[in-house]
C-alpha cells in the first residue's frame, strides 16, 4: 500500500532515505498561477537544518532544494511540482553493527516485521530526514495560504518539563512579525526568554547525562475563514491530528483545551458568542480551539503536539540482536538531544498542507461557488 | 467534497440525520465468506443506545439494525453491505426557536458558515446519532478482526476529574472476559468500582448544577501482529488519531505515554527489548503504546481520547441569534449529562475500522504475500 | 477492495442485489443549496424501467425512489444523500438450477472464482438492476449540471447492424427539445424513424430466433466549458471511458472519430481553429470529439459505447455445471432481447457523474478561483 | 486537483515536462523483496526511445533511468521508488512563435483555457515525452507480474488502413519468445512481415505528403488468474480503458470482440464453457476478451487501442493566434510521422500498472486470504 502520499486535492508524494540519492517530493494538484521560486522553499528548509545550534545534531547538511518541474516563467503551471534535496553529507561508515540489532525506541524491529528486511543506513525511510520532503511541500502550501491571508504560527511550548507561561491567546496579542522574530531567533524556538533559558539549562543537563528530551509544539492558524473542514470523517481536527501524528516522535495531539476539557464542565468549556465592534460573529473564549463539529468557526485554530524524547542516546541500553540474543548497546553518532526545535517547522508544514487541502475540498461545498466559477451570463 | 467516507480498502460511507428516515452505512470492500447476521451488529448498537442509565438521555430508541445487502446464505458476498437503523423516536416538536440562534459548543454556526443553511432538527448531521452508522460498520470490522484473534477493549478511564487507578498494563493482567463483564455492566463503563462510584457522585452533582461532564476513554488492541501501519503518512497512530478525532466531542488523542512522554527523557521513555520464555521478541515496557515508526510492534496498542463535556446544558448561556442580536438561551431537551459511556463503543468501532483497513493495506507489503495468494505451483 | 464507489469529489457508493431488499446509493459530496425532490430522480429511473415496450423484459417494476437523507426544506444540505429503490417484483422461484451451472456470457464463473461463491438469485450484484443506483445518482448530477447550462444527450446509434444515418454533428443542428422528444418517444431511443423501423424488424427476427441483439449508444455533452479534465491520468476521455466500460455489457468506447481516426491522416483528422461570428474560438470540425490532451476544448463532447448482445437467450447452449460436467442449458425467464434502449439513460447518468466530478476537480486549477471564493477585500 | 497520480495500491505519481530537468515518477506501494535494478527499467525505456527507425523522430535521447530511492541491497524495500530520466537533448530554440498560436490537434488551447497559460516548450506536460515516466513505472510492475507468471504482449495491429491478418487467438498459438522477437525487431512492431512491409510503404507515402498516420495497438495478458477486477465501477475492463485512454492520442478502446459485438447476436457472441484435458474450466471461444462482469475469467485478456495520427504535420494548416487572428501555420521540427510503434510499450506499461493494482486490490476479496497471511496457528 501507498503510505507516502498525502492529500486528496493538493496531493504530495514523498520519497527518499537518509543515505540514498536524496529526499524528494512530488506535488500533484497545485493551482496554476502562483509565483514560486526555490528561495520560497529554501527559507522553510533552512529552519529544519541541523548543525545550527548546540541542541541539534552537528551534521552539516546544505539541504539545498532543486525545483525540477511544474514552474514556468516563475509561476506554477498546474502540473506536478517536483522538488529534490540531494543528500550530501552521509558519512560512509560501517553500518553492519546497527544492522545486527534493534535500537530501542526506533522503528528497526517494526520495519523488519513488516517488510522482512530494512534499509538500516541512518534509519532509512524512518529517519527524521524524511521530513525534508514534507517541509518543502509545506512551503508551497504556505505560500498559497498567504495569498489568502491565512498564516500559521508554530513554536515550542515546552522542552521536557519546562513550558512557556503565556497562553496562545495571550501570544496572539503581540504583533505577528515581532513574535515570529522572537521565536525564530532563539535556538529552542520558544517565545519566552525566561522559559527558554531554563529549557537550555535542562537540555545541558540531559546532554551531560547522555540523555535526551522531548517537548510540546503549539500551532496557531489565523485568517482561516469559518466553514473549512468536512463534517464526519474529514473534520479539520481529524485531518490535522493525522497529519501531526504522522510526524515520527509525535505521541499526542490536542486541540483547544484538549485533555483539560475532559475534566471541565459544559458551562465552563462552552464558548459563548457575541458580535464584535465591526459586526462580526465571534466567540468570547476559545476552548474549542477554533473548530466546532470539525469545521472552522472563524476563531484562531489552536492545537498542540507532544514530542517524545529522541530515542538515540549514548547511555547503555539493553536490546536484542537479529539472532535473538540479548545485548547491551550504546548508540553513538551525531544525534539531536532534542528534536522539538527542528520539528517546529515540520508541524507548520503539515498544518499548511492539511489546511490547503481542505480549502480546496470546500470549493465544492455550495452550488453558489460552482456558479461563481462556471456560470456564464 | 466527500467527508462521510472512510477507509481505502474496507471503505464505509455513512448517511443520515437525527430527524430524517434513519441512519445508515454502506460498507464497500468487506471480504467475502464472513458469517454475518443482524445480531452481530445489534450487540454493538445496544451498547450505544440512550435511555439505559441515569447518565444518558432518557430518549427511548430501539436502534434496530436492518441488513439490506451484501450477505447471502449467512455469509458476506464481497459486495457492498448496506445497514440501516430507522429513526423511530423523533419528537415532532417546534424547532423554529433552535433554528434562530447558534448554540454555544455546537456546530450550528460552523455549518451555516459552510453550507449557507443547516438542518437544525436535532443537530442534523452533526448529531451524536450519526455515530450509529459508525458503530454498525465497526461491528462488522470487529467480527473480522476476531477471526484473526485481534480484539479491542475500550472503557472509561476518567469522568471529569475522576479517573481509574489501574494502568492499561495492569488491566491487561486480568482475564479478558471478566474485565469486559466489569466494564459493560457498570453504566459508566469504568473497570474500577471505587472510581465508578466517585464518578457517579460527580455526575449527580453536575446534573443538579444543570451542567455536564467530559472524560477520557482508553482503548487497548491485543493480538495485532507486528508490522501493521504504513510508514510516513499512513502510520497506525496517525490513522487512529484521525478516526478518533473524527468523533464529535473528542478534543485530544495520545498513544502510549502520550503527553507524559514530552516531559520524560530518552532513557526513561525508550522500551528495551527482550526475548520471552516462548522465544518471542518483546519489550520490557510499553511507553510506545505498541507502535514504533507508525508500525505495530507486537505489543498491545494503547491510546486515549479526551472527550469534552456535553455542550447542551440547561444553564443559561449567552449567544447570538441569526439576526445578529445577543440573546440568553437555556437548552432544554433530552440530553446526556455525559456522553463518555456511550462513546466507549464508538471509539471501539472506529478502532476496528482503522485496524482492519490497515491489515488489508498491509497485504501488499511483501512479494511473499502475493506469491502465497497467487503463485500456482 | 471497494469497487462500488465512484468519484473523488461527487462520490457515490452503490449497493444492492437483484433479489435483496433493494438497490441504493449514497452520494457523498453533493454541493449544498440545490433544489432536489424525488420527482427529479424518478424521471430518470422511469427511463430505465423494464416492461414498457416489446423489446424489454416484461417484468413490472415500479422502481420508486425514496430520498432518505441529505435534503432539508427542499434543498440539498451538503451532507450525504441516500436514495433507495426497493425490490418489489422478485419472483420467488427455485434458483437451485441456476446455482448449479455457469451461464455463458454471464459473470457466474468469474464471481465464483473471485469470492468462492455467489448470490445466484437473478445475477446478484452483477444484475443489470444494479444500474438503478447509478441512474438515481446520475439524476442528481444532471440536475446540478443543468444549473450550469451543461446538458447531456444520449440515444441509440445502432441496434445490431442497423444504424441511424445522421452524424452527431448533424443531430446537433436540430432543436434540442424536439430531438429529445423524438428519442424518448420511440421504444428504441433512436432519433431516426426509418432506422428505428428497420431495427424493430431486426429485433423481431432476433426474438423469433430465441436470440438477442447488441448495439451502439452515442452521447453528446453540450455547454461544457473548455478546460475540464485533468492532464495525464484523469483525462476527461479516460474518466468517461472508465465510467462507460463499468456498465455491464459495454465492450468498447470511442471519442470523436474514434477507431476511424486510426485509419485517417493528420491532415484530415486535425481540427483547424477559427473565430466565430460572436468572437469565440471554435474548431472547423470535431474529429477530436471535444477533447484535446484530455481536456475539453469547448466543442460538444461526443463519444460512443458498444453494447454486447444480451447473454440470456432461450437458444440451447453448452456449458459446465459446478461439478465440472458439460451440460446443455436453455435460459428461460423475463429477459430483454436487447438492453441498448434501457442502457441509454445509464450512459447518460454515468456521463453526468463523471463530468460533475471533473468540474469539481477543476475548481482548484487556478489560484484565481481560490481568490474568487476565499479572498476577503 | 491531482491528475498525475494513478492507482490505489501500486500508486504512481509522474512529473516532468519535455523541456525541464527531466521526467520522473514516484512509485508508492511497491511490495518489498522484489529484485530490481536500473537495467530492468532501461530495457523498457529503450523500446520507446526516438531516433531508432525512419518512422520515429530523429531526436537522439539517451533516456537513461536513475533509480534514486526504494531499493536496498538490490531489492525493493517497500518504501517509495523514485525514478528519473533527465532531459539531455532539448534544443534551445526560440519558442516565441509556437507560444503565440494554437496548434491544431494539440492541447495548446485546452491547457490555456484550463490554467490561464501554458509551458509551450515542446508541449510541456502534454508532450509524448511524459510517457517515459509511465514506462519506467510500468517496467517495475511488469517485473512483479512476471514473478506471478503473468505476461503482457503488445504489438501493432494496424498502421493507418494496413492491418495484420492473424487474430490475437491465432498469434497465441506461436511460441511466446519467437513472437516477441518478431514484434520487437521490426521498426513498426508488427508480428506480420507482409503487413509490416505494406505499412512501411504507406508511411513512406505519408512522409512524402508531409502528413502523418495513426493505427491500432493490441494487447494480450496471459497467465492472469480468474477473479481479478472488481464488480461495478472498478471492473478490469473499466480500469484498463481509463489507463489506455489516458495515453495522449488514444481515441478508442475495445475488449474482446469490442465494437463488432454490438452487431452480433447473443448466440454468436456468448462463449460456451468446457473442461480442458487437464481438468480446467475454459471457454470454447473468447469474444469476451477474458473478462466477464468486469472480472477476469482465466482466458487471455485481449484489448485494442485506436491511436490518432500525429497532429504535428508539415502541411500548411489554418489556426488562430492568441490575439484571435486566423493564421496559416506549418509545423516543422523533429516529429514522429506515426507514434504507434513507440506507443506499443506505453500500452504495455499502462496495462502492467493496472493489472498489478487490481491484483493487490483482490488480496482482500476473501477472508481465506486474510487468514492465510495473518492467522497464527
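We call the chains A, B, C and D, going by the order they appear; numbering starts again at 1 in every chain.
By our rule, a residue touches a chain if its C-beta (ideal position, glycine included) is under 8 Å from a C-beta of that chain, and two chains touch if they have at least 3 such contacts.
Treat the numbers as computed from the prediction; the structure is a model and nothing was measured.
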Of B-C and C-D, pair with higher C-beta contact tally: C-D
Longest centre-to-centre distance from chain C, chain (CA-based): A
Separation of chain B from chain D, taking each centre as the mean of its C-alpha atoms, in whole Å: 45
Whole-Å gap separating chain C and chain D, where each centre is the average of the chain's CA atoms: 26
Centre distance in Å when chain B and chain C are each reduced to the mean of their C-alpha atoms: 39
For chain B, residues contacting two or more additional chains: 1-5, 8-10, 14, 29, 32-33, 78-79, 114-116, 125, 225, 231-232, 360, 364-366, 368
Residue numbers on chain C that touch chain B, as the complex places them: 1-5, 7-11, 13-17, 20-22, 24, 26, 28-29, 32-33, 66, 68-70, 72-73, 75, 77-82, 114-119, 121, 124-125, 360
Residue numbers on chain C that touch chain A, as the complex places them: 8-10, 29, 31-34, 76, 78-79, 144, 147-149, 225, 231-232, 359-360, 363-376
Sites on chain A touched by chain B in the complex: 1-6, 8-9, 14, 102, 104-107, 109-111, 113-116, 125-126, 130, 158, 160-161, 206, 209, 211-216, 225-235, 237-246, 248, 251-259, 261-275, 279, 281, 284, 287-289, 291-298, 306-313, 315, 317-320, 324-326, 361-362, 364-366, 368
